[in-house]
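Going in written order, the chains are labelled A, B, C and D, and every chain counts its residues from 1.
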Amino acid sequence: MAITLLVATVVVFLVLEILPGDPASFMLGMEAQEDTLSALRAQMGLDQPALVRYFKWVLGLLSGDLGISYTYDVPVSELIIERIFVSLPLAILAIVLSTVIAIPLGVIAASRHNKSSDLIIMGFSQLGIAIPNFWFAMLLTIVFAVMLRWLPAGGFAGWDAGFFPALTSLLLPTVSLALPQSAILARVTRSAVLEVIQEDYIRTARAKGVSRGSALWNHALRNAMIPVVTIMGLQFSFLLAGTIIIENVFYLPGIGRLIFQAISQRDLIVVKDLVILLSAAVIIINFIVDVLYAVIDPRLRGSGHA
Amino acid sequence: MSLLEIENLSVSLPTPKGMLELISNVSFSMEAGARLGIVGESGCGKSLTALAMMGLLPDKAAARGAIRLNGENLLELDEKMMRSIRGNRIAMIFQEPMSALNPVKTIGSQISEGLKIHLGLNKTDAENKTKKLLDSVGLPLNRFPLNLHPHQLSGGQRQRVLIAIAVACEPDILIADEPTTALDVTVQEIILELINEITENSGMGLIMISHDLGVIAQTTEKVLVMYAGNAVESGSTEDVFQHMAHPYTHGLFAAMPKSGTRNYEARQRLYSIPGQVPEAHARPKGCNFAGRCFKATAECAVEEPVLKPLNGKHKVSCFHPLTEGNPQ
Amino acid sequence: MPNRFQEVFQEGLQHRNFIIGGTITSAFFLIALMSYVWTPHSIEDINIAVKFAKPSGDFWLGTDHFGRDIFSMLVVGARNSVIVAFVAIGIGAGLGVPLGLVAAAQRGWTDELIMRVNDFTFAFPALISAIMITAILGPGAVNSIIAIGIFNIPVFARIARGSALGIWEREFILAAKSAGKGQVRISLEHILPNILSILIVQATIQFALGILAEAGLSYLGLGTQPPAPSWGKMLKEAQTLIHMAPQLAIYPGLAIAMTVLGLNLFGDGLRDILDPKLRRSR
Amino acid sequence: MMMKKLIKVFLVSAGIIFLSSSAMAAKTSLTMGVVLEPPHLDPTAGAAAAIDEIVYANVFEGLTQIDQNGAVQPALAESWTISDDKLTYTFNLHKGVKFHDGTDMDADDVVFSLNRAMAEGSVNAQKGLFKPIASVNKTGPHTVVVTLNQVTGGFLFSMGWGDAVIVAEESAEKNKSNPVGTGPFKFSKWAKGSHIELVRNDNYWGDAAKLTKATFKIIPDPAAAVSAMMAGDVDAFANFPAPESMEQFKSDPRFAVVIGNTEGETILSTNNTKAPFDNVKVRQAMAYALDRQAIIDGAMFGYGTPIGSHFAPHHPAYVDLTGRYEHNLAMARQLLREAGFPNGFKAVIKLPPPSYARRGGEIIASQLKKVGIELEIVPVEWAQWLKQVFKATDYDLTIVSHTEPMDIGIYARDKYYFNYKSPKFQALMKKLDQTVGTDERYAILAEAQKMLSDEAVNGFLFQLAKHGVWNKDVKGLWENSPVQANNLTKVYWTN
């Protein structure tokens, strides 16, 4: 884990070293003069050799100091925390919504294997996988913001504007993220359940007199959760950073947009920090997924997994 | 009226090549507390017969004939009624103890589940009964608490748990489908004894399904020999074993090892009956066994033999039985 | 092999997914090919006078804010998607499969190293890496191909390694080994043909993903550049005009969804046919 | 269905509450949309117009200030005198002016501010403004004398720039995140990526602002901006990011749509030293091949004034040269033939992010293709544009809007990205510097405009319009933008 992160720091640092464009000249614009630029570079510590900057950065990370944003001139941690309060709720809402939709649908489809409800659910799931989420977002905008004018087409009201206004501005983004994801999740759930209901212990349960439904929900589902949780973990990691496009569609001030903006503005310190934090988040999510495996499956407990 | 009467049971399954009849016109009956064995090679329809009795045939399977429990035809019951019989009046132990227990649930909850469903026991009562059951199958509570998970148990121990699950509601009939096949040789004997003991003590009827004649001999009074979906010979275990009439039964015996290392070698030698069980979609006209039979004649390839009495209750479906039967 | 092909094709005719997916996919490829010879209008023909025209005999789906024919742009966009996705798969499979084969053949630390690097690439948020790649190399179709291609490498490496490991255990490999064949020959002559069907199925899936990825990058302005039309870029342009001409946002999205749907169905059908073992889980 | 009803009821009741509260008294708070988020809030340490759009005249003030007509007005300096040789300026400061943190604003702060901007390690983006200054001296608690080393006609104008605002020594370093100025509004909070809030400065030295609160909402996305306006989330956009939406606002009685002018000459910048653009005939051929009106219609949806040289049409010295190169493809082809490119040539056009550049670039590529000039379109981010195009002049063509007021002088610079390098033009600009009389100056400016047009230095496209849209009850917003600012001092609601 630590090694992965360490390699990540090296890779990110090197990649950003070759990124064309100078943060200082971006900040000072067209009329800036050379001495002004070098003064600003010195102020930002960009005049030091790469190795020094690398170690300063990594040591800073280790001590929890993410540095100062070049463009905003505030601590990067502050910036990230502000954005996390948009991205994290969005990611959580999206994963919850997609789970709530997908798992029942997947189980229903599996229990009605090859019957019409299965075919309909799987048809929708195919459609959901094929539709790019940003297009879906645009369709939602056309319907709910342009035609019906029920919901804002974009922007984030901010949590200090109140819980409901903030939630309203996250509603369409959540739906546009969740539905395509639930399409995938429903598929995975269905095939996992189909796999599990072939198992001997389902027959054992049925032989006890357990009903088909109860066998499905009480005996099969939990066993089928392993692949489902794996996919959910992947989806959640994707959601943390991969909301860039959706944040662009709805203009939400989230993590994805921050990193996108930081790359174009050459706020390299923000880019570096965010990439490392996101990699760390992915590692943490993998760890949580491992823990969940153990919660779900007692065979994996205490076996030195994770 | 017998406790269980199976009459002309046929079961068909859908395959890519259409519906195939895997069990054809099987009939037998058993009295309360009786002990019946069903023997045959794998794929001959033993397990499917058991599943038909449990009402657990695959979704698109079609069963004809009748399975009467106390005169009530189980094939005509709806799912809800069938559920009240399953695990309550007929219970079953499966072949693979390693996979027949739900890995994510405790053994306690798996045993008590049936108790709650059929006997309507509350949590405490169900727990107490579960403890007794565990004890009765040889898993004393001090070493085997209810919150154990299946992976913490050995194969034999798991089979004991499965037995406890099956007998929890004291069913009229216990079906044991190859209960020892997957177990170590040393454990097999003990498990069989446990099954014998429990069924005898409580007066349960036992249907023992096995390819292993030794197991059948050890546990049953009557036996039904199945081949390719047909009952080819039936009678008291003693009669059939001593005066085997069908060449197939003979083949099974010939393949049986003397004693001891029964399991593995038995299977190996069984293949010494020349040829293989014909697949369901390629069953020949006439006697299904004719292709492998050393006594087969032209007649066997044309006409299908039916099960008819050879001697008293000893029946065989063969034009050329090996024996005239045991004169009584 | 032609027999095998015939077999696959004949069996395919019995699969609903395969037929529907295959039809959509071939239509998509045909349209993409057609754009080389003919489009109703030139897509570089900017004619402000006819902007936002309604669908008509002349402009089948109407025109955009520059007065360009939307149908023609969709057709050329199809070609664009095909090229990007195809080359990206070429990169992914071309590098990933050999890596996977080497990992499976060598085992030991080579395997470990290749798989570690693989995992590492997976742990990086793909979209962010793609954005960084295009930030370094500059936006454009070629660079988006590289970005998408790079993320196809671990996918193919993983699947090639996984399936190859199984094949290495088989008896005929032992025979080949005892005949004195080296790892490279065995990998090429025995392993590769045996995992080909799995790779082909994966390729159709990656193709669909590639089209989605290209659309996403172009939507962010990092992919295909004007005047070459791209479905993602058309959506981006439509978005600013969404209050004025919402119809512009419909067609490119439909094109993406239909194509991806077709490819996915086709891939599913193909998997059913090539790998009956997996059929049960569907 | 039930859900729909519930949502409707909820929204309607929310609307009623909103309406009833606003009906009681005229609103005193304004939410203004801005397209770009400022990187920080210190106008003396960054070039971004987004900084000035929020703090100029609202939070920070300079010695002078530019009004909405582009004229110089007194600000912190209530008056000034200029010596006869035009080299010494004596500024008399307002008395009793306090910074938002309560400290006094006096001559020391002025000396500090100007010296800080001029200093060696200064990060002021417009250091050129201070170049003419030889020294800054305090001659009394409220008197400052600035001595110049050369006559500079526009010095008072320069002192009105956002880059020349007066800051306090104690707070200067923290102005980026917590700006402390002397203006009628105080900085209140900044939710990064979302909005910036200013509140009224009740201790303001001049006429107090009528608004109690001003919120700048950052909405870069045009589609989101339309929705925000439509939903009333935003009361005003001084310069709406999507000209394509103006028709929609015009037809909506809730809004006032005000098309003003800006100082933004939008040009097809051309690398004058790079072949084939070093050939004046090639540049002229391109000028003939361009159809300005089509570009304005296509890229700006009809908003914008065609220009024929690098000069703002609303300036009195403007000469209309748009007829110099009438759209004429035959003429363009002939000039290309004469220049030795009968079959045209290939070139690269690098386009920065704004939509005028991206859309304009596509149209120009299509127009030039008709005479055989094939442009490869390369979109670049601002960071790359600054580095590749502006500094390294590694480009053929680009499109950019030059938004500084009266910036024709850039063509006389030794090193500037057009690589124009015309001694004749440089001499002309030198003459302008030394000329004092208005008529003479205008004559020189007219000559300069013609020279640029004759030599077709760049493709002169159009003057960027300012697409103002706001709630019809909001009064006092600037119609034009002579400087990039949203001066809210006089803004009020009529109900």
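One rule holds for everything that comes next: contacts are C-beta pairs under 8 Å (C-beta built on N, C-alpha and C of every residue); 3 or more make two chains touch, one makes a residue touch a chain.
Just so we're clear, the structure is a prediction, and the values are computed from it rather than from any experiment.
Engineer: Which other chains touch chain B while also touching chain D?
Structural biologist: Correct list: A.
Engineer: Report which interface contains more C-beta contacts, comparing A-D against C-D.
Structural biologist: Most contacts of the two pairs: A-D.
Engineer: Would you mind checking which chain's mean C-alpha position lies nearest the centre of all protein C-alpha atoms?
Structural biologist: A
Engineer: Between chain A and chain D, what is the separation of their C-alpha centroids in Å?
Structural biologist: Their C-alpha centroids are separated by 38 Å.
Engineer: Measuring from the mean C-alpha position of chain C to the mean C-alpha position of chain D, what distance in angstrom results?
Structural biologist: Inter-chain centre distance comes to 45 Å.
Engineer: Let me have the rounded angstrom distance from the C-alpha centre of chain B over to the C-alpha centre of chain C, please.
Structural biologist: Centre separation, chain B to chain C: 53 Å.
Engineer: Where the CA atoms of chain A average out and where those of chain C average out, how many Å apart are those spots?
Structural biologist: 23
Engineer: Please list all residues of chain C that touch 2 or more other chains.
Structural biologist: 135, 239, 242-243
Engineer: Listing for chain B: what residues touch at least two other chains?
Structural biologist: Residues of chain B touching two or more partner chains: there are none.
Engineer: Any chance you could list the residues of chain D touching two or more other chains?
Structural biologist: 221, 223, 226-227, 230, 381, 384
Engineer: How do the chains pair up in terms of touching? List each pair.
Structural biologist: All chain pairs meeting the touch criterion are A-B, A-C, A-D, C-D.
Engineer: Using the touch rule from the top, collect the residues of chain D that touch chain A in their complex.
Structural biologist: Residue list for chain D touching chain A: 7-8, 11, 39-40, 46-48, 120-128, 176-177, 191-195, 217-221, 223-224, 226-228, 230-231, 233, 353, 381-384, 386-388, 390-391, 404.
Engineer: Touching residues of chain D toward chain C in the complex: what are they?
Structural biologist: Chain D reaches chain C through residues 221-223, 226-227, 230, 242, 244-245, 247-248, 294, 297-298, 355, 358-359, 361-363, 365-367, 369, 377-381, 384.
Engineer: If you look only at chain C, which of its residues touch chain D in the complex?
Structural biologist: Listed in rising order, the residues are 44-46, 48, 51, 65-67, 135, 138-140, 221, 225-227, 239-244.
Engineer: Applying the document's contact rule, which stretches of chain B touch chain A when the two form their complex?
Structural biologist: Residues of chain B touching chain A: 54, 56, 79, 83-88, 91-92, 94, 96, 99-105, 110, 113-114, 117-118, 149, 151, 162, 165-166, 168.
Engineer: Where on chain A does chain B make contact in their complex?
Structural biologist: Chain A residues touching chain B: 199-201, 203-212, 219, 222-223, 296-299.
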